[in-house]
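Next come two complexes, and both contain chain A; in the first it sits with chain B, in the second with chain C.
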Partner chain A sequence: MSEATKPITAEEAYNNENDKVLRFLKPRFHEEAFPTIQILGYIGSLILTFGAYFLVMNHVLPPVALLSVILVLAVFQAALQLGVFMHIREGRGLAWQLIPLYFVFFVALGMVGMSIWIMLFKSGVS
Partner chain B sequence: MSVPLAEKTGQHQLPIEFADEKESIKITGFWMFLVTDVLIFASLFSTYAVMRTSVAMGPTPDQLFHMGPVMLETILLLTSSFTIGLGVYFMRKGQVRALMGWMIVTILLGAGFVGTEIHDFVTFAQQGATWHTSAFLSAFDILVGTHGAHVTFGIFWAITLLFQLRKRGITPQTARKVYTYSLYWHFLDIVWIFIYTFVYLNGKIV
Partner chain C sequence: MPSFVTYLIHTLFPPTVRYPDILLIDAGLIVGAIGLVGFLTKTHRWGWLWREWLTTVDHKKIAVMYLISAIVMLFRGGIDAEMLRAQLAMPSVHFMPAIQYDEVFTTHGTIMIFFMAMPFIFALFNAVIPLMIGARDVAFPRVNAMSFWLFAFGAILFNISFIIGGSPDAGWTAYPPYTGLAFNPGPGENYYFLALIIAGMGTTMTGINFLVTTIRMRAPGMTLMKMPMFVWATMVTSALILFAFPPLTVALAMSLFDRLFGSSFFTLTRGGMPMMYVNLFWLFGHPEVYILVIPLFGVFSEVVATFSRKALFGYPLMVVSILAIMFLSYGTWVHHFFTMGAGPGVNAFFGLSTMLIAIPTGVKIFNWIFTMWGGRIKMTVAMLYQMAFIPTFVIGGASGVMLAVVPADYQLHNTYFLIAHFHNVIIGGTLFGLLSGMYYWWPKMFGMKLNERQGKVAFWLFFIGFWITFTPQYLLGLKGMTRRLYTYPAGLGWHELNVISTVGAWIMGAGFVVLVYNVVWSLLYGERDVTGDPWDGRTLEWSLPSPVPEYNFARIPVVHERDEWWAMKQKGQTMAHALRPEDVHDIELPKNTPVPFLLGASFFVVGFGMTFKWWPIAIVGMLGVIACLLYSGFDYDDHHHLEADVVRQTEASLGRLQG
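Our next item is the complex of A and B:
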C-alpha cells in the first residue's frame, strides 16, 4: 500500500489545506475514560432545581421577576440536558438535528410566549 | 485525490450506535419525532398559560399543589435521566451488563415517578379536583397527564429493549434503539422541568 492510499481519519482529512472550509462536516464524538461530564451534569441539574425551589419558597423577588428567573433556570437546565446527556452536537457529519431543533424552539417560544403575552391584557379579554 | 477514510475501513471506531449508516440515519429521524413532540407540549403549555387563572369554583393552584410529592417526582426523574446517561456511556464501552443494570435502575425510578404522580392525581380527585372542575384543572390534567403517559410508554419501551439486549447483546441495531430511547427519556426530563417550573413553582408564586 503506497503512502497516498493509506487510510486516514476524518480528523486528519479535514485538516488538509483544501478541506478546511468543510470542517463542519467532520464526525464529532466525545470519548471519556470516566463519566465525569454526566456526574457534573447531574449535580448541576440538582442545583438548578433546588435553586428554583428555594427562590420561590422564600419569595425573594416580586412575582413577575421571580417567574422570569425560574424560567431562565429551566432553560439552563434544558440546555444542560441537551448538551450533556443528549449529545446534541454529536453526529457523523453535520449535526442535522440542530436545524429543526432551532426552528421548533422558535415556534414553541412564539406559541407559549404569545399566549402569556395576550393574557396580560385581562381587561380587554373579558 | 481520493483517500480512504479510516472510519469507512473500520480502523477508527465511531460509537456503535452511529457505526452503521442505516441505523445512524434513524437517530436523526428520531430527533425529527422529538421536534414534533415539542410542538405537542408547546400547545399544551399554551393552553395552560391561558387557562390557569380560570379556576371557577374549584381550588387555585396555590391551594391544590403540595410541593413534597412534586419534589420527589422531580428528583426521581432527574436521577433516572442521569442513570440512563450512564447506561449509554457503558453501552459505548461495550459493557452490556452495566447497560442493562442502569436501564433497570432507570425503569424503577420511572415507575416510582409514575406511581407518585398517580397517587397525586387520585388525592386531587378525592378532594373533588377533577378535570371537570375548572378550566385550570382541565388544562393541568391534560398537560401533566400527557407527560405521565409518555413516561409510562417509556417504561414499557425500556422493558422490551432489555429482552432484546439479553438475547442479542450490543449490536449496531440494539445500540441505536437504546440510544433513541435515552434521547426520549432525557426529552421527557426536559418537559418535566418546564412543568415543574411553569405549573408547580409558578402556582406557588402568589
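Our next item is the complex of A and C:
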C-alpha cells in the first residue's frame, strides 16, 4: 500500500493542523478539585424552588403578581441550572452552545406561553 | 396473625384479579417461572446470565435485551387487542365485564406505546448507532444500562398489576377525574403512574445519551451532513425525548401526589384543574407520536437506499424536513383536545399548525419514492415493509389532516375514526418500520439472516390483516361508534363491520405467530452471515463482521463520504479496512457493573411500596437507590483495557488482519 492512501488513525486525524472541522470536534474536558460552585448552586436552586412553593401555598400575592414572580423565579432557576450544572461557560466556539440554546428558549417560552393562552379559556363557544 | 393475612389477601388479590382467565394466567406464570429457574439451574447458567447479560454495559447486548422485552410486550399488547376485538365482534357480548374491558384497553395502549414501541426503537438505536458513526460504544455506557433496567423494572411493575392488586383502568392517557382517588380508589392507577415515571426516567436518560453520542462520538470526518439518515433521526428523536418527557413526568407526579398525599392539582374540589393534566399530558403526547415515528423514518431511509441500490434522494431536504417536523411537533398538541373548548382562536391556530406538518412529511414520502425510482429494487422483507409503509402512512396521515379540521374534529373526536387513524399511522409507520429495521439489522445483531420466505408470509398476514382490521373502523367512526365502548346493542348498523374488523385482528395475530416462528426457526437453522455485509449495504456498520466483536472497531475509521462503506466498495478499497498488526493498540472499554440492575430493582421496590402505600418498603427501596447512586458516583474503576494482542487475535481469526 502506498503512503498516500495509507489510512490514518483517529488521533492523527484530530491533530491534523489543516482540518479545522476535525480539530473542532476533538473531545475536551475540564475538571476541578472541589465542586464549590456546584454545591452553592444546589443550595441556590433549592432556595428558588422552596421560595416559589412558599409564595403559592401562602397566597401572599394577588394572582397576576404571583404568576409574574413565579415566572421570574423560573428564569433565575433556568439560568442557574445552565450556568452551574450544564457547563454553559465551558466551550469551544459559540455555535454548538448557542443555536440549541436559542431553540430551547424558544420551545420553552412557546410551551409556557401557549399553555397559559390555552388554559385562560377566552372562549366564545364553550 | 389471621387479620394480617386477610388484609394482605384483600389488598393484593381483590375480586378484580380473581377472574378465571387471570387465575389461569397466574398458574401459567408460576409453572413458567419454575421451569425457567429449573432450566437455568440445571444448565448452570446463573453465572452466565449475571456476567453476560444482567451486568453488561455493552450496547449490542443491551440492544438484544431491549428487543426481547419489546417482542414479549408486543405479545402482551397483542393479546389485549385480541381480547378487545373478541368482545366487540358481536353486539351485547359480555365476554369481559365492563371493568375488565376498561383495564384491557388501558394496558393495551400503555404497553404498546411505552413498553413495546419505545424499547423496540431503543433496541435499534443501541444495535446500530455506535456502529454507524464509527464509535466503540455510546457516550455513557453505564447510563445506557441504567436506562434499560429502569425501563425493564418499570415494565415489570406495570405488568404485574393485573395479577396483583388490579390493573389501571382509566385509559392510556389516564385523565383525571377518572384517575382521582374519589372515583378510582384501587392501586391500579398508582401502578400506572409509578411504572411510567420509572420507565420515563430511563427514557429521558436514553435521550440524553444518544444526543451526546450522535453529537460527540462520531468518527473523524463524519460531519453533520455526512451522517446517515438514521443517525439524524436518532439525534432528532433524542432531542424530542429530552423536551417531551419532563412535562409527562411532571403531570404523572402531580397526579400521583393527588392520589397519595391528598394534594389537589387536578381534582375538581379545592380549586384543582383537571384540564391542566390534559394540557401537560399532550405537551408530551404530541412530540411522543413523533418520537415513535421519526426513528422509523430513519430506518426507512436506510432500507430504501440499500435495497434500491441508490443513494437516498434529496438528502439535504430530508434533513431539513426532519428538523421541520421536530420543530412543528411542539406546536400542535391542542389538536388532541379541541373539544375542550379553549376558544376559536386557540383551535384555529393549532388546527393550522397540525396541517403544516403534512408538508415536510409529504416531502419525505416523495423523496423515498424518488429513491426507488430507477433503482434496482430487491424485494426483501425489509423492503416490503418499506413499500407497505408508504401507502399506509399516507392514508393515515390524510385522515389525520381530516381530524385537524376543527369542526370535523367535533364530530370525529373519540370515535372509531380516530382509533383507525392512529392505528393507521402507528402500525403503518412505527410497527412496519420496527419490523423492517429488525429484518434489516438482524444479521448484524445475531450473525444470521431471518428466513425471507417465512418473513414474507408474516408480512402479508400483517399487511392484509391490518387493512381488514382498520378500514371498517373508519366507517364505524363515521357511523358514530365511540371508542372505549365495552359493548353495544344490535340494530345500530355496527355489527357487520365489527365482525370484519375482528377477523382482521385474528389475521394479524396469525402474522405475529409466524413472525415468532420465523425468529425461532432462523436462530436454529438460519443462513449464517459470513461476509458481514449480506445486503450490500452502504453505511459503516456493514464494514464490520457479524456479529460484531466487543470493541466494534479495531481501529476507528476516518469518514470521507456520506455512504462511506458504499464508496469504499466502489473504489475497491475495502481491503483498506484490513489492519496491519502495528495499527492495533490497546482498547479502552467500559467495565461491567451490577449497579444499573440493582438501581432498577431498587426503583421497583420503591414503586411497589408506594403503589400500596406501604411506606417502609418504599423507604427501603429509596435507600437502595441512594446507595446505588452514591456507589456509582464514586466508582472510578469503571473501565478496563483490552490488550492489543487480544484484538489482533480476534481480528486475525475473522480474517481482517494483514500479514
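One rule holds in what follows: the second predicted complex is superposed on the first by the 77 of 126 C-alpha atoms of A that agree within 3 Å, B and C clash if a C-alpha of one lies under 4 Å from a C-alpha of the other, contacts with A are read in each partner's own complex, and residues count from 1 in each chain.
In the analysis below, contacts are C-beta pairs under 8 Å (C-beta built on N, C-alpha and C of every residue); 3 or more make two chains touch, one makes a residue touch a chain.
Predicted model, so just to flag it, every value in this text is computed and none were measured.
In the superposition on chain A, A:Val107 makes contact with both chain B and chain C. Between chain B and chain C, the partner in contact with more residues of chain A is B. Using the contact criterion defined above for the overlaid structures, shared-chain residue A:Leu46 touches chain B, although it does not reach chain C.
In the superposition on chain A, A:Phe121 contacts chain C only, with no contact to chain B.
Look at A:Gln77: by the touch rule set out above, it reaches chain B but stays clear of chain C. Of the two partner chains, chain B is the only one that A:Leu67 touches; chain C does not reach it.
Across the two superposed structures, the residue set of chain A contacted by chain B and also by chain C is 5, 7-10, 13, 27, 96, 103-104, 107, 111, 114-115, 118-119. Contact residues of chain B toward chain A in the complex are 1, 3-9, 11-12, 14-15, 18, 21, 24, 28, 31-32, 35-36, 38-39, 41-43, 45-47, 49-50, 53, 67, 71, 74-75, 78-79, 81-82, 84-86, 89, 92, 182-183, 186-187, 189-190, 193-194, 196-198, 201-202, 204-206. Here chain A touches chain B in the complex through residues 4-10, 13, 27, 29, 31-32, 35, 38-39, 41-42, 45-46, 49, 52-53, 56-57, 59, 63, 66-67, 70-71, 73-74, 77-78, 81-82, 84-86, 90-92, 96-97, 100-101, 103-105, 107-108, 111-112, 114-116, 118-119, going by the rule given at the top. Taken together, the chain C residues at the contact with chain A in this complex read 215-216, 218-221, 223, 243, 247, 273, 275-276, 279-280, 283, 327, 330-331, 334, 340-346, 555-558, 573, 576, 583.
Those residues of chain A lying in contact with chain C across their complex are 1, 5, 7-10, 13-14, 21-22, 25, 27, 96, 103-104, 107, 110-111, 114-115, 117-119, 121-126.
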